[in-house]
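Listed after this line are the structures, all set down as structure tokens.
First subunit A sits with subunit B, and in the next complex the same chain sits with subunit C.
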Partner chain A sequence: MLVTKPVADLCALLIDELHGELPSRIFAILLTKGRSTLPQLVQYTSMTPRQLRHGLAVLQQHNLLFYHLDPGAEFAFYEANAEHAYNLSRTGKILEMIDSSFGAPAKDVMQSLLLSGQTRISDLVAAYQEKIGHANKAGEGFGDGDDFGTETNGINGDSQPAKKTGPLVKSTAQLNSIICRLVEAELIDVVHAKTFESPQDVLKTVEKEVMDKHFPGGVKGNKAKVDLQQRIAEGLRKVRGESKSLKRKLEQNGTAAKRRKLFAGVSMANGGHDEDLDPALDPRQVIRINYEKCLVDLRNRRLVQFASDMLGETTAYVYGVLLKLLTKDVPRCRDDAAMDVAADDDGDTEKGPGFVTTDQILDNLKTSVDLSLGIGKAERRQISSTAAEKIEPYPIKKKALIEQAEVDGEASADEEEDEDESSDESEYDSDYKAPATNGANGANGVNGTNGAKVKFDESAAPKERRLDRPTQLRQHLLVLTESTQRFVRHCGANEWTVDFAPLMSALREVELDSVIERSCGRQGLRLVRILRAKGKLDEKALPNVALMRKPELQQKMLEMQTLGFVHVQEVPRDLKADVKKSFFLWFCDAERSLNRLLETSYTTMAHCIQVLGALRQKERDVLETTKRSDVRGREKDTMRKEYYERYSRFLECERKLFAQVMRVDDLVAVLRDF
Partner chain B sequence: MDSDIVLDGKPSELFPPYNVPKAPFLSKKEDKQVSFFLLFREQCQDSPLYTQARSWSQAADRHARTYGQDQVNKRYGQTTKATVDPFTAVPTYSHRFKKIPRTLPDHASRPFAKEFFPPELHATLDGEDEGATTTNGPAAKRRRVGPKTLGLSNITSYKTAEELFLPDGATPTTGGLDDGANLGKALQLFNSVEKRNEDGDEEGFLSGEDDDDWVKGNGEDGDDGNVEEDDQYEDESGDDYNAEAYFDGNQDDEDYDEGGDDGGDYY
Partner chain C sequence: MASDTLADDSAKLAILKDALYEEIRQHGSETRLFTQKDLLDLNIIPNNNVLLLVRVVQGLTDDKLLVGTTNHHAGLAWRWRSREEAKKYTSLPNDETVMVYSIIDEAGADGIWNRTIKNKLNMHEAVVKNCIKFLETKGYIASMKNVEHPNKKMYIKATLRPSERATGGPWFTEGELDTAFIDELEGIVFEYIKTKSAYRGSQSQSTPSSSVAAPKAPKKGIVTASSETLTRGTKRAATDISTDDNLPPSTTTRGPSSKSRAVFLPMPAGYRHYPTVAEIAKFIHDTGITNNTTLGEADIQQLVDVLTFDGLIEGVRVGRRRGYRVARAARQDTVPFHKRQKEREVGVGLDRPLVPGAEPLSNGLTEAPCGRCPVFELCEEGGPVSPSNCVYFLQWLDLEDSVSAAAPSVALPP
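Right after this comes the complex of A and B.
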């Protein structure tokens, strides 16, 4: 994977933060110089081979390297795994996600796994045994009070690890069951022989195998070429599937399906009730975190948040359940072009997310959730049920247009713009929706209501509209279907699916719009939208269209051009290319703006960490004191007041900086990974 | 380009008013995420694979531009024995509490799944990669007697700013924990001391080190640092002033359950 300089800087900084200077230096060199062997690294870094070996071992342990060893060769080639390095910045999010959906003990296990890199199951079990043993011994020493404390904690799955003295994981059986569950969720996968081959190397080996086996005489003709492609894709999928071997084994065991029924949809506390059901895992297996699947789950969360911003909380909750069910078997956010080209005939396990039925969603909804909230009421005759219930068995081919994305609260505030908006909308969307529903109540209404006024007043018609739960659920799903962002597609009678690609591009546009609004104000956003609607516009025509004064407009446009949101094209009128006579056309290229935004985001993240470094340098006398073993943990008592204040100020800054890194990473995730 | 642009001849203000954008406060979820990340970082930095040592020079020239890899490399390796600050480097008693930064990760202390490493790194993973200078060869060999275990970090919380601001005991998290944690520390220390005394000799001391190490994770306050120290003090064990023995001996006849509240005496 080739990366730009900001990414390389960021990765090096992240590794420096988490694993120390030595690995970070090696990683930076590997990124800049590409694949290298040990002697080459010695030359590049002017470090001793011993240092390099130690550093490489650390990187390899933390899954940050690819390596390739030709048979018979003395030295292996190392390559940096920039993706995993970048994912280090997401550690907090991943842990939080696991904490909220699997409970605190699972988070503890995942944290240990992240901490130790790729780990043999037996080693992990031994480590936990050690810890549990220690805690038990300590518990005996402390007497009953503490024993009681730990026990209750374990039962409730209490999510405040700071409070407890005992370990979160009570027994090896529990550990086993946690690992089983995480494996089933694909959040943990198995390390196999080819895991650490870089994708290109894997491709090359598979290609070679296929050529030797099926095409010894070379490839001739178009048919053979297609065949070759398919075979290669198949081979690649096979290699990729190897990491799921543990999951398959668990599924064969049969308990998986049963447990899944118990767990799905609800955030479970501890899993203590069925530990015995879990088969013992092969202790020799080596496991590690599967970032791809983590990203799928993070994407679900992001989409739920998006839906909650756009439509409302209850609907978003329903959406969350739907996504969870839908993406259970979705292994990654974006399909790999090389592997999934020929996957069409492979059945829907590999291709597409499949669908979810209304009943499945209903089964997984918490009964405590009141589904009647968040749906508007409208007279029956005002709803065109054929339009609302329209079934679209295939994804819509039309590309997601920029106008479909809409910033919350933007439309209703400005009358003039409102009209502008809805007319834009109607140009593109009239094929499936009547105009005028959108602008004013697009945020919250049921859109199939044909311009009728949507009533939210609960008490107005309490009796006649009391719907039963399945119908209410259907209403929510229909709201999701009809939203401009197309959260859900109604792909069959009571079957629902999500087209992730257009949905994510809608989300990207929303993100871009909000960035434009932040940096150039509403005026800027409006201009950008005008340009998107009209395509390329001459500089002289723009003031008339935008109804703005020329100097103001020019200033705004220049400002936006420097930020990379709009672009200008010069078209000479004649051969002489006289500047005075040329046309200057303003236009928007969303793709370019997004790329620019992405690069800026990387730089911002790197900058945050650099600022932290500078802060550390500034406060180094204080920090050195706090690192002393007699001070650590008792800073308040041992440090002088002035020092202590400086220290707490530093900690606050540190939190803020990392929070900023994570927020920017949200943006990066949407733009790049989801 | 435009006729009605009027040029403004005045010099621009030196520090024009600038609206500094302020980030919104952390939401509860974000707060949790940051806490988890910081805790993870803390545990990472406590692990035996972390190298604390920073070898780049702390001087101002680190902001200077670099051209080419050579100049980048020259930035590193600046903090050596020759560059120590003579004013702070004189050994004092409080140096005992300082963590000695590791320059190389400590691979020998934990197990690895070696089949997934290229063969050239296998010796390193065993801790046998001593380079050219094998000064403490026998000692290092002996250290690996016990079974290797993967350590789980014992750090369970990273102090947030709020926790620090609040007086002790005001928050349930710190208030409740304080006694327990100190007791735990004391007890662990006690156990390790006992083990040492049982084994008695140097040999036992060395093998006991594995237990005492981060590897099994009983020392919240960077016992790995102390291990390094122990290595150093080891040679001087015959000296008249053996602070370590003095302190350890002191602890042997203490009653921890009563005296453990302040926790300050054990170091």
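Right after this comes the complex of A and C.
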């Protein structure tokens, strides 16, 4: 991760927000000065080694630090882990995701893990045992980390007294089972010695090992070089694989796989199965959250939202199920260049997401979902099934020029008839409902009961009255396939896959477009997209294509140039480079614009947190009062009315600002991580 | 004797001139170039006498009935000019005027800039001005405007209509881009594509999927509290406003109480009737909206391209047919565009802008004050503009009337 000033600022602010000022200051120094030893840090920060050790310990606990100890050296080098520091801003999102796909108890466990950093399983169990015991004794709820809660879930921080419910995790067996689920989903992995080394250090160590072991005489020739690369990649993969050791152990145990078959991976959530089946975990294992895998799930959510924006909710739901199945074994969003490129012989999971069959999706759809919704109906003769069912076994490359399609100008008579759009909706409905003999009925829940699981058959009778569920599902999938964004690729008969790289770049483009449209209007968007489609364009050629007045256009272009969405190139006509005679070519460099957008996003997030800091400063008398132990928890009763109003207003602002940080992070994730 | 032959000769010459001129006119339009060989092949000049031809052609050129030009391929060549035109030339008072007129004539339908005339003829400005004035009062030439160079004073022969290039085609009226016309037409084309490419059905409020619910977004009203976005607003019927799309689906109630609303739905894959440019052009032609402008398929294509670039529609290929469909069908306004316009006329929905298409997407950046901040680059903690004294954030957080003055000095009652 490239650390620029906005990122450094943001990371320092985030750490300050969650872990206090001391770690934040040390972290900021580490970012600006690079890797440093303890004596160096003493020099930079003018703090005592004791203070520094405290701060470093906190950072270490939350995996915000890399260290490296050369054999025989006196002091270890510390290095900031900016990636994990940034991930702090995703905490809330990850918890929400866990909540929706694994249930509230899992979320609770995850939250404890987030709050305490990497934890030994025995410690976690002990903490929960205490909580459970406490709850059983008092018969009262416990505050699940209210002190930190503002960032993590945005719900508490409310002055409402804690809910009077029992603990979410009822027994250590349940805890054990939850951890097993999360480990199986790769959302939790194991901490090992190499976790604390920066990627560069790991690479160096692996390189050295490989050199010593396989190439003691040095590398000679191209073949050896390739071999070296492969061995290094293999070594790196091995290091990476170490953190999955727990998962492998669980899988070997067999029960997990068996259970997954039984429940088909759907409702792991509410622990309907027998918890005792899960093997007891080694209490000495240290576990932590695997952000990489969390990002894969977050990406799925973002894509579902994207599909819902573009196509509709029912289709997006189908897409969500598809993505969930497809990415079950995808460990990370972006392949690591050093490890994964050479990994040709490493099996399917490393190369691509594989594919999902229609039946698999069907098995995982909720029965309550009515698939007849969300897609319009058309008569069978209006549908070209050959075009719709086209199979694309390989990812689509950008085609050069598609030959112009012939135009068949058969605007049939019935098309002309419904020209008069002014008619009421009721007319429309009656118009379309009458010949409901064919097509998927888009009307509400007409065929909810029709659940005959008939295999879809291409040569089915054309007078089929209602489409069965598999056919409806297919329709949704085909719509996804046909979309301009290419959500899905139909890679074989009844097999579906997703090409993430082009899809994500489409999504990035959409995000950029929406920023442009919101800041420069629709005409600005038009100009940028023209440039994107046509490449570099002379200033004089633009107005004709865009159908805009010249002065307006020039103004818009200048506006967008200052915002960094378009760029201009001056090409002199002759050696004298007379400005009047020069060509001015406009172009847009999406990569540059996106980078700039990313930096802007970081700064925006930092600003939100800074504004919050300013607000805290302003309301500090109120906030200090609320920290008093006799006020805490019953602010409403004890505080003066005006003060309480100020307090609740502050809380509202805090919520808004954190929500905003989260929203901007959505954008950052799309631009950088997915 | 000598004079006799001369007179005889000139009479013969005059006959030959007439004959040659008429023959040339039979053989092509005013733009056709005749080379010397072409002229000889007309078989008017006896014995293919080149010298005689030279004299005849010279005579015709003097009468302005033939215009000499040099052609890249054939060398010297001539084209003919009508007698009325020639008469205009001969009626001009002096050579300067003739030269000016001929230059304007040559420029044809594109017209010519007066500065170019001056430079080409290397004459004094006053002379050129005089000539032009004379020609204008005579009604031989007229001034015109070129859309490519609106500030240049151009002249054209009065009998010609300015070329398409000069007027800018159907999108220009009197040298100005007719944006009102274009906007109107864009709206109509968009509406046509929308209704033809999406299915209009009704959908209940209740939606599936609580497990894949969209990430909880802060509520619209909170996030976009600034006045700018509020005016932008959503463009839906009044009854639909309560059902904001941003509400997470899980919060909507399911059951008999859920009412249905009209929505556009995407067509099934492989739909074969997405409108093509030809169909749109036919529709525009049949409705006769553009009564005095004829719009070709190329013009409509231009319009459709602009809509595509605007992100309102997208091209789809089904088989070999290249049609267009509306983008983000489910988010489109179900009330037709022209109905919205009527509504505005009676004063409904004036607070919302009237643009075709769905509301643009937004993300965290566009909603935060920073995304639209004019001084974003300067903003830094410790600077004159900083997050801690940001007025935009205060506005956005609704804290403008911030309390501080009238607050009691102690937080807790005694």
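Quick note on the criterion: the second predicted complex is superposed on the first by the 570 of 674 C-alpha atoms of A that agree within 3 Å, B and C clash if a C-alpha of one lies under 4 Å from a C-alpha of the other, contacts with A are read in each partner's own complex, and residues count from 1 in each chain.
Here is the rule we use: contacts are C-beta pairs under 8 Å (C-beta built on N, C-alpha and C of every residue); 3 or more make two chains touch, one makes a residue touch a chain.
Small disclaimer: the values here were computed from a predicted structure and weren't measured.
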{"item": "Touched partner set for A:581, first subunit B, second subunit C, both or neither", "value": "neither"}
{"item": "Partner chain in contact with A:93 - subunit B first, subunit C second, else both or neither", "value": "both"}
{"item": "First, second, both or neither for A:204, with subunit B first and subunit C second", "value": "neither"}
{"item": "Subunit B versus subunit C as contact partner of A:659, first or second or both or neither", "value": "both"}
{"item": "Touched partner set for A:238, first subunit B, second subunit C, both or neither", "value": "neither"}
{"item": "Partner chain(s) touched by A:5 [first = subunit B, second = subunit C, both, neither]", "value": "neither"}
{"item": "Which superposed partner A:126 touches (first subunit B, second subunit C, both, neither)", "value": "first"}
{"item": "First, second, both or neither for A:225, with subunit B first and subunit C second", "value": "neither"}
{"item": "First, second, both or neither for A:316, with subunit B first and subunit C second", "value": "second"}
{"item": "Subunit B/subunit C common contact set on subunit A", "value": "93, 96, 518, 617, 631, 649, 656, 659-660, 662-663"}
{"item": "Subunit B-touching residues of subunit A, taken from the complex the two chains share", "value": "17-23, 25, 29, 32, 38, 44-46, 48-51, 53-58, 60-62, 67, 69, 74-76, 91-93, 95-96, 99, 107, 111-112, 114-116, 118-120, 123-124, 126-128, 130-131, 134, 137-138, 141-142, 146, 160-165, 191, 193, 195-196, 286, 518, 550-551, 554, 617, 624, 627-637, 644, 647-649, 651-652, 654-656, 658-660, 662-663"}
{"item": "Subunit B residues touching subunit A - in the complex, by the definition given at the top", "value": "2, 4-5, 21, 23, 26, 29-41, 43-45, 47, 49-56, 58, 69-70, 73, 76, 94, 97-99, 103-105, 107, 110-113, 115-121, 123-125, 129-132, 149-153, 156-157, 159-161, 164-165, 167-168, 172-173, 176-177, 180-181, 183-184, 187-188, 191, 216-218, 220-222, 225-226, 263-264, 267"}
{"item": "Subunit C-touching residues of subunit A, taken from the complex the two chains share", "value": "93, 96, 100-101, 301-302, 304-305, 308-317, 320-321, 366, 368-370, 373-378, 382-389, 402, 404-409, 411, 415, 418-419, 421-422, 425, 428-429, 432, 439-440, 442-445, 475, 478-479, 481-482, 484, 510-511, 513-515, 517-519, 522, 525-527, 529-530, 533, 540, 543, 545-549, 597, 600-601, 603-604, 606-608, 610-611, 613-614, 617-618, 621-622, 625, 631, 638-640, 642-643, 646, 649, 653, 656-657, 659-660, 662-667"}
{"item": "Residues of subunit C that touch subunit A when the two form their complex", "value": "148, 171, 176-177, 179, 182, 191, 195-196, 198-204, 207-218, 222-223, 249, 260, 262, 264-273, 276-279, 282-283, 302-303, 305-306, 308-311, 314-322, 327-331, 334, 336, 338-339, 355, 360-368, 370-372, 376, 379, 381, 386-390, 393, 397, 399, 402-404, 406-408, 410-413"}
